[in-house]
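Next up: some structures, all given as structure tokens.
Both complexes shown next keep subunit A, but they swap its partner, so subunit B is in the first and subunit C is in the second.
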Partner chain A sequence: MTVDPVLLIVIPLVAAFLVPMVSLFSRKIASFIPLLALLAMGGLAGHLLLSTGDTAVTSTTGGFDPPWGISLVVTPLGALVSAMMIFVGIFVSLPSTAKVGKGYELWYNVFVMMTVTGGVGMVITGDLFNLFVFLEITAIGATVLAVLPRDGETKGLNWRGAASYAIISSVASFLILAAIALLYGATSTLNMAQMAQRAGDIPSFVAGTAFLLMFVGFGIEAEIFPLNGWAPDVYRGSRWGTASIFSGVVGKAGLIALLRIAFIILGPAIGGTFPADLLMWAGLATFIVGEAAAFTSKDLYRMLGFSSIGAYGLILAAFASGSEMAIQAGVLLMLGHMLAKPILFSMIDRAGAGKRGDVTLSDLEGLGRRSTMSGVLFVGAALAMLGMPPSPTFWGKVMLFSSAGTEGQWALAVIVAFGTLLEAGYMGRLIWKVMSPAKEERKVELPVLRLLPGLVALGLIMLIGIQPALLNDVLDRAAEEFMDRLNYIDWGGF
Partner chain B sequence: MMERYDIHRSIPAILLALMVAATIFYAFVEVGFGEPEVDKEDSVSNRFISNSTQETGSSNFVTAVVVNYRGFDTLGEVTVLFLASAGMGAIVSALPAGDKRKRPIPPSLILTAGTRLVLPLIILFGAYVFVHGHLSPGGGFQGGVIIASGLLLYIVIFPEWKAPHKALALSESLAGLSFAGIGIIGLAVGGIFLDNVISGLGEAGMLVSAGLIPLIYIAIGIKVGAEMTGLVARMKGGDA
Partner chain C sequence: MEVTELVVYGSILLLAAVGIWGILSRRNLIKLILSLTILETAVNLLLVSVGYISGRSAPIVNGDTGLDGSPIGEIVDPLPQALVLTAIVIGLATTAIALIVAVGYYRSTGTLELKSWSYGLTNEKEVRK
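After this line comes the complex of A and B, so read on.
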């Protein structure tokens, strides 16, 4: 029997509501609640991933069938991405659990958990307004995460980054809400599957406007060029965990929402190849701009932030380029990025521990000599990001090139190759510094709660890299979800 | 030196904003918002209007939609407010301590006596609004905000008053857990989260009716009241 996917949302909500009460008695115990909830969610997401099979796991709420009540539609891709988001959440929470220093330390993990929950909700919901509610949860959680200071820097609240994000993401929310109102007005339903079924009823001007509003709104969340001006400030001034959440959860949720709306819901309502073309070129522009900006960055958080922007662009371009193989490549690239990025952020935090302000290339010097395991994790993750085998990114890039060749999308292939060269440039510099001899003998501490999730992530990267066939079913279903709208409509019960 | 603001430089931006606004406006006209023939026969709104009392027992169909048909959204919105309030608390606790303001001018006897007199009435009215949410306009959010506005008045008039943050945290927690718990009852009994398993109980239009809806709205009222009060008290600062 399949467990009801609604628990994926209910468990963290109950956990969050428990925290104020439990913290009155013991802050120590309260600090374990988010981690326990995330572990339970992880188990559940894994279970759902195994039980989605050929179709989606659905659930209704409120006692009314869709479209009257809100339903969840956990597609195989949704289950996979949810599991990955929860993994990022656990990765980030583990080291800061049981730390109850200042008042905000306890809440940091609660916000990590809730931002992950918002992201998961956006990916598994089958209702467009419900998606908006989860977007709000994600955005508020992420704003608070962005403002909280790095360890030991009580004065370092990241007002600049957090305020930019708060303002621009509320503009994004407004645009998305306006688009939802338009689509609801044109189809008389909020259920995504039913809306997709009725896409033919949407006047093309309305569909086009709604698509552009959604593109700008979710493009802001997914750090798509030129809507990502806020992102460098957030990455530059925030904690490693916050940076990991932004690059692994917030934008990924926005990206999947945007892709579903463009290709599944609106699909034929706009007609022509305009949405796909716009998304592909926006993706490629984001990829090149992101990688080029990363190449020239001094602060490492900012560099990796731009590198995340580049990755978002590449994933968007892969999904939008439209062939079955390219969509599967997009999923693999997404996986590779979500597994490798938190390791890099975590290790940069170790290298810059106790330092105020920017963490630069010289802080990385000799990281591998000062702490062997930190070096191994960093170099492993950096190579995986680049697409060295064995890693999901390797297969993703191979498949993307091969799809571009078959489809004759030469521009795509050339741009991806050029961007990868840029990526190799700055990643190579980072790796070189990590391996070079240490000038100072300052030891780098690597607590076991940091090491463990890093090793697990690296293990998963290599496992998928060596045995990508493990994911065959999920990849096939993901391609089906986007290649043929009727599949999603059918999975959603219409 | 600050550069002088020059309106001419903003003209392209203003024109662009106007164009975007016109496009959105035209799209809404195209959809035909508010015109009766726009709704499809099987539209969700038609069903909510005609069947909600029968299906949920609530005579206020807005409440039926908010708490029952789309109760899952409402649980999410309650969470949004919870996060905003908790986030505020977390940020305040991360701020450097200090910044003692000078003592404000003490309020007059009329204000202090008047506040003591009205506060219980405001709280009673707030409670009335959320207890009757399934019968009359208003509900948990509105009632909760009314209660918080009363306490805001109290905080303004008696700045020395320390908000009972522990009691607020406890009621916030318990109310949130009650909402989620009522949802889980539905999951346990009928296999559906937030299923209104006792919707048939009582007669529509009476205080005891609409099954679990009033219970959820009472939980929301308490939660919103506690959160908004905590938010206001923290903004005053000094005792976070």
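After this line comes the complex of A and C, so read on.
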């Protein structure tokens, strides 16, 4: 029996209502609610991932058949990405669950849960207006997370970064809403599968306008160059969990939504290779700009933030370059990034603990000597980001290169190689500092609640790196989803 | 194109242009949020105009007919009206969050003008308080 995917939305919403009420009696008990909800969601998403098989798990809310009710369409890719987002959520809220009642920890956990819910909703929904609603949930949650200060202190709130994000993400959602209105006007449906089926009815200028609006809107959320001016402000002043959520949940959800709309719904209505070309070149530009900016950054949060922007660009370029192998590479790159980035942010937070202001390269000095496990986690995650085997990123990059070779996309191969060199430059510096002897003997604390998720993430990276065949089914289905629109239409019940 | 349509689509374009111009040209948080709500109004107007069909009756069913005895097939599309309600409520929430951030920014910096990012900007005032 398959569980109803709507529980992925219902559980956290109920939990979010419970928290303020329970916190009147006991903040301690209340602070466990978001974590428990995330764990339940994780179990559900894992179950869905195993039960999607050849098709998608669908759910129609209220028993109204599509297109009348809102339907959820959990494709195998959707289930995988949801599970990863929930994992990132658990990763970042575990350590603060131990510090209950202090500063903003409770609200931090609640908003981590809500942002993850929004992201999961964006990935599993089969309804365009519902997508907009989840986008807003994500944006509101992420704005609050962006404000919250490092280490749950009450000082040093990042109002500046949050202001940038609040304004720009609202603009993004209004543009997306305008595009949804245009598409509804042309197809008289909001169900994504049915809209894809009726794509032929959309006049090409409406499709083109809607695509550009969606590109700008979701491009802002997915930190695509040149729409990512807000991102450095957010990354620089945020706590490590917020940075991980922005790089692992908010943008990833936007990216998948953009890809579905571009390739499944609007592709044939616009015709030609324009959408794919625009997305691929935007992706490559983002990759190079992000990696170059990371290379020159002093503050480590900013550096890793730019590195996330680069990763988004690479993933977008892989999906947009169009071959089956490249799409599978995109999924692997996404997976590798979502597993490795939270470890890096978490370890940078350890290295700069108790420090006000920028965390720089010198704070990392001797991290590996001061705390062996921190060093192991950091170096492991940094190598995995770079694409050293065994890691999903390694297979992703190998497949991307071989796809570029067979398709004759030499520009893609050259740009990816150059970007990887830049990446190796700054990651190498970080690793070097971590391994070098410590000048000061300041101890680095690594509580078990922080060590544990890091080890699990590193273990998953190595497992997928050694046994990529485990994911073969999901990767095949992901490629089918984007290569042949009829699959999604069929999965959605049309 | 009828005069009504011209007025509606003209207002949508005008409002959207004003909103986007405001967002691009202002650095004051309150003015930015005002521009956002103007842009939002344009989008809501677009959403509701999508479902409007000139000359048809309100989407209220009275037995077997529309409200004023017109055939049931001659009512306007009710869905965009439901959507626009949802969109307005969501817009209220995002505006509230943006205003909260504006208040926080003002308290920590003493200004509503967005300046380039720095730690000093955010921390000093709070410490002094």
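Going forward, the second predicted complex is superposed on the first by the 488 of 494 C-alpha atoms of A that agree within 3 Å, B and C clash if a C-alpha of one lies under 4 Å from a C-alpha of the other, contacts with A are read in each partner's own complex, and residues count from 1 in each chain.
By definition in this document, contacts are C-beta pairs under 8 Å (C-beta built on N, C-alpha and C of every residue); 3 or more make two chains touch, one makes a residue touch a chain.
Just so it is clear, the structure is predicted and the values come from calculations on it, not from any experiment.
Engineer: Could you tell me if A:233 is touching subunit B, subunit C, both of them or neither one (first, second, both, neither)?
Structural biologist: second
Engineer: Is A:136 in contact with subunit B, with subunit C, with both, or with neither (first, second, both, neither)?
Structural biologist: Once the two structures are laid over each other on A, A:136 reaches both partners.
Engineer: Does subunit A have more residues touched by subunit B or by subunit C?
Structural biologist: Per-residue touch count on subunit A favours B.
Engineer: Tell me which partner A:381 touches in the superposition: subunit B (first), subunit C (second), both or neither.
Structural biologist: Touch partners of A:381: none, neither subunit B nor subunit C.
Engineer: Report for A:358: first if it touches subunit B alone, second if subunit C alone, otherwise both or neither.
Structural biologist: The second partner, subunit C, only.
Engineer: Considering only touches as defined above, state whether A:144 meets subunit B (first), subunit C (second), both or neither.
Structural biologist: A:144 contacts both subunit B and subunit C.
Engineer: Going by the contact rule set out at the top, does A:173 touch subunit B (first), subunit C (second), both, or neither?
Structural biologist: After superposing on A, A:173 lies in contact with subunit C but is clear of subunit B.
Engineer: With the two structures laid over each other on chain A, which partner does A:4 touch: subunit B (first), subunit C (second), both, or neither?
Structural biologist: Once the two structures are laid over each other on A, A:4 reaches subunit B alone.
Engineer: In the superposed arrangement, which partner chain does A:18 touch: subunit B (first), subunit C (second), both, or neither?
Structural biologist: first
Engineer: If you stack the two complexes on chain A, which partner ends up touching A:193: first (subunit B), second (subunit C), both, or neither?
Structural biologist: neither
Engineer: Which positions of subunit A sit in both the subunit B and the subunit C interface?
Structural biologist: On subunit A, the residues that contact subunit B in one structure and subunit C in the other are 129, 133, 136, 140, 143-144, 147, 155, 157, 178, 181-182, 185, 188, 190.
Engineer: What part of subunit C is in contact with subunit A in the complex they form?
Structural biologist: It is residues 16, 23, 29, 32-33, 36, 39-40, 42-43, 46-47, 50, 77, 79-80, 83, 86-87, 90, 93-95, 97-98, 101-102, 104-105, 108-109, 114-115, 117, 119, 121-123, 126-127 of subunit C that touch subunit A.
Engineer: Give every residue of subunit B touching subunit A within the complex, in rising order.
Structural biologist: Contact set of subunit B toward subunit A: 23-24, 26-28, 30-33, 38-40, 42-45, 47-48, 55, 68-73, 75-77, 79-80, 82-84, 86-87, 89-91, 93-96, 166, 169-170, 172-174, 176-177, 180, 183-184, 186-187, 190-197, 199, 240.
Engineer: Provide the residue numbers of subunit A that touch subunit B in the complex, in ascending order.
Structural biologist: My answer: residues 4, 6, 10, 13-14, 16-24, 59-64, 67-70, 102-104, 107-108, 110-111, 114, 121, 129-130, 133-134, 136-137, 140-141, 143-144, 147-149, 154-155, 157, 178, 181-182, 185-190, 203, 205-206, 209-210, 213.
Engineer: For the complex, give me every residue of subunit A touching subunit C.
Structural biologist: Of all residues in subunit A, those touching subunit C are 129, 132-133, 136, 139-140, 143-144, 147, 155-164, 166-167, 170-171, 173-174, 177-178, 180-182, 184-185, 188, 190, 232-233, 236-237, 356-358.
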